[in-house]
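This structure is in structure tokens; I'll ask about it shortly.
Here the chain labels run A, B, C and D in written order, and each chain numbers its own residues starting at 1.
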Amino acid sequence: MQTAVLRLNCDDKKGIVYNVSKFIFDRGGNIIDSQQHTEELDNRFFMRVHFDRAEMKVTKAEFRRDLAQLAEEFGMETELSFGDERKRIGIMVSKYDHCLYDLFLRHQYGEIKADIAVVVSNHPDLEHVAQNFRVPFFCVPVARENKEAAEERAIALLRQHYVDFLVLARYMQILSGRFVEAFRNRAINVHHSFLPAFKGARPYHQAYARGVKVIGATSHYVTEDLDQGPIIKQEVVHVSHMHSVADLIAMGRDAEKKVLADAVKAHSEDRIMVYRQRTIVFD
Amino acid sequence: MQTAVLRLNCDDKKGIVYNVSKFIFDRGGNIIDSQQHTEELDNRFFMRVHFDRAEMKVTKAEFRRDLAQLAEEFGMETELSFGDERKRIGIMVSKYDHCLYDLFLRHQYGEIKADIAVVVSNHPDLEHVAQNFRVPFFCVPVARENKEAAEERAIALLRQHYVDFLVLARYMQILSGRFVEAFRNRAINVHHSFLPAFKGARPYHQAYARGVKVIGATSHYVTEDLDQGPIIKQEVVHVSHMHSVADLIAMGRDAEKKVLADAVKAHSEDRIMVYRQRTIVFD
Amino acid sequence: MQTAVLRLNCDDKKGIVYNVSKFIFDRGGNIIDSQQHTEELDNRFFMRVHFDRAEMKVTKAEFRRDLAQLAEEFGMETELSFGDERKRIGIMVSKYDHCLYDLFLRHQYGEIKADIAVVVSNHPDLEHVAQNFRVPFFCVPVARENKEAAEERAIALLRQHYVDFLVLARYMQILSGRFVEAFRNRAINVHHSFLPAFKGARPYHQAYARGVKVIGATSHYVTEDLDQGPIIKQEVVHVSHMHSVADLIAMGRDAEKKVLADAVKAHSEDRIMVYRQRTIVFD
Amino acid sequence: MQTAVLRLNCDDKKGIVYNVSKFIFDRGGNIIDSQQHTEELDNRFFMRVHFDRAEMKVTKAEFRRDLAQLAEEFGMETELSFGDERKRIGIMVSKYDHCLYDLFLRHQYGEIKADIAVVVSNHPDLEHVAQNFRVPFFCVPVARENKEAAEERAIALLRQHYVDFLVLARYMQILSGRFVEAFRNRAINVHHSFLPAFKGARPYHQAYARGVKVIGATSHYVTEDLDQGPIIKQEVVHVSHMHSVADLIAMGRDAEKKVLADAVKAHSEDRIMVYRQRTIVFD
């Protein structure tokens, strides 16, 4: 696809939309879709432009170089990506397979506009699933005493497979600060509660004990603070006194799959921008 | 508010987004938000631009005149509205008061960016509600033999109160073709089913008989074909065998209020464009 | 209505359902609906029986006396209520009127099987609403220095109007332990978040700052611990980066009305049983 | 599991709940859960009793024989099933695999209390999926000229694998009346719209053309009238003008999986009773 996505943010000021459309038009691009947002508390402006570059007169490199100038002029942070450079996904899992299957199947149906490059797990159990979908699988066991080495090995494997972003599909290990840093705003986790409620371990047990009438799941970017990264997507499911903890776990799986898949799709299509603890997710 | 909304549609071609932003920028306007959409089947392009005209160098009339030229050049249909010209709503009701109260209360909370100018009813029952909210109320009884005269009187009352658009808040009379024509794409009705299921009379009874597990409500623009106008908003409610027809009626009221209010809000803010039997509703 | 509702709970053991149905049958009652639940963690059994007593051979007093014997035999806690003794509701409000209107209107439509006996407010603002619906309104201002006296006056007014249970319809004062005790498991509050997230003040502001993608509302019984009482009902609304704090407040109102009304309906119909920090809410 | 489920329906009359509980109690059974429902239009009574028979003094055959007497006395239709006789599922598919995977995975997680006995398809494409989950797969091609023979072969295969009920997991052939008759109230289909809207072929295309703002899916028992059998479960998904037909198809898959799985679970646990064109589905 001869398209590109430009995302930018800067302090709000007059003429940005015009200047960005002019910038693209002048180089022979044609805007397919453009979206904007202004954060109300501090007047920060965000924009995503999806444009056709089939008739563009400049190379990717020239476009990038010119964009840097525009960015300097307006004090913009920019990100640029091209439709013909599909992103590559690295998935990390442990023993639960529902999110893994869900990602494979959605990918197969063409819902996810990116490729699944590799699966890394701290357990060998799910190798057969990766095999069925013809995706390389590596088992990297993690024990307390080898955690640093294991993480290094995992990062090496991810790099070796040219992974652009990471999906923790119910991966049951906490990533170290170094790992988090290596995938800043590029590692998506799913937590099995409607955060900020029920952070940490066993959220369905917490939910049962508290007697809530909804349970949920949250996908978010991983940060150093456990379960506190910028939220991408949330779903809930209505429950009642009838449901045991086991029921909550079963009912929650659908929500987990959904929020994780939606986050992966949005990230793959460059629809997300992170600002402080919030995300802007353009439809 | 020194803002304006421009809506336009035309056959898709290169450079529209750029030319529209340039048009506004050249006249001193500043784009706050812009949204686009292309109908996939026939490549029709739609755009809504919300812009600030506080520092605009041209009058409203000059802007309109120049816009006509741009429209001709691109073969555009355009609609322009100004933030300082709040729309005026005419409400028609019969005996059910839930939608009427809901609109009054949401207006009072500032959710609806328009003014409620007048209430017209074919029954006297709800006069006290209009009175409580200090809105003029007129009773225009409709009988088979006086229908034409009654409609003329209603239209006259709506015009007299400078009504920009009409809301049928569970109004139980079918409007004639002439009435529909007078408010083409400006009359919003609520039907108490998830259309196209259960058109016509007593949809909750139909739903009960069919044994559906969801009921719903639909807001749509009124056309000559009963319950077949372009849909603006739909909500559903999950139901079960436990619910009697009376329960469905009660549970449906919340959905009716919601879809009608959402349609009124969207219309008030010039977020809706009608294209054939579909609506584009920009968020 | 010649019906009654018996609620009971006891340690689970064999034959309870049979013995309860026999108890009712032997006295000429006819079971319309019966529901059971067992709390999985400690095997506590709960039952609600709705029965017709039109052909009952015993008086209410005799039934109660016999029931006490059955309860002793099985170690049951029981509650009995009669369809011809409609409950009386006391509403407490401050300045927001959306929940108040909602309760009045649902009552008027017959959705709430109880009567609204009195409205008590710490502000005079909403007197006109109560007046429109012909319900006595009393203003009892609360200041730091008179809080105890004000609460006593409020309790006196509620008793004077034979209030069976209390509804805090966005009442902005924290009840003292003494007040809570007087209405143990009979005071329903609405909190404007999906608890346990965002306890305390300004939950919509907290939700905005955290960047959540759902907001919600919770109805619960009032206990000494703020916003930690047994949850009755929860609703959520999906939101996005586009929504300001003001939008969240507006969107949340619908959820607040819904969870409060549903709790009031369930309590009115004796459908709720409280067990520790959880509620059993029979449909 | 030493449990059983008794379902019954009869004209409503006094003492049924009591007599049924007595019947079970007298034979040493212990009621775990019992639910009732009365259809309001014609006063038909429905009951489902889940009971423990670990300490039962009678054999299954004796229980059945005695039950027949009770049934005659009250004019009841009854169905009895035992927890130690797990139902066996036959799945029919064509080329779409999402519902098939979903059923396999939910079964593997223990969500479905029945066994998947066999998969029959009119295409060879999905054999590898059945293989991965170790379930026999048979390809029975259907062409216009061999339809009757093909159906006979399919029915024979289903019988050979002791199939109790049939699941059409996006099976793209219409069953003949004879096939329907062989699995009366035991064949569950999923239709990709919120019926009764958009019956027949290509419902997502119909939905797009009509411009609806929700799409959905429906699971129902198969009858001779296409897409008109008793509805078991319905889900909807909110959509907007932004979504193409391809988007609707993708978004609908989640709803299809959900309504089909929920129907399969409910049928497996004997929670469904069919009455005319409606279903009673006990939680």
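Everything below uses one rule, namely that contacts are C-beta pairs under 8 Å (C-beta built on N, C-alpha and C of every residue); 3 or more make two chains touch, one makes a residue touch a chain.
From a predicted model like this one, the values you see are computed outputs, not experimental measurements.
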| item | value |
| --- | --- |
| Touch-network distance, subunit A to subunit C, counted in steps | 1 |
| C-D against B-D, pair bridged by the larger set of C-beta contacts | B-D |
| Same-site or different-site touching of subunit B by its copy subunit C, using the half cut | same |
| Chain of greatest Cα-centre distance to subunit D | B |
| Subunit C and subunit D: spacing of chain centres that average the CA atoms, whole Å | 37 |
| Centre distance in Å when subunit B and subunit D are each reduced to the mean of their C-alpha atoms | 41 |
| Where subunit C touches two or more other chains at once, by residue number | 242, 283 |
| Subunit A residues touching subunit D - in the complex, by the definition given at the top | 97-98, 101, 105, 109-111, 128, 132, 242, 250, 253-254, 258, 283 |
| Interfacial residue positions of subunit B with respect to subunit D in the complex | 37, 39-40, 194-198, 209-214, 216, 218, 230-236, 238, 240-242, 244-245, 276-281 |
| Subunit B partner contacts - residues on subunit A that touch it in the complex | 14-15, 17-18, 21-22, 24-25, 30-36, 38, 55, 283 |
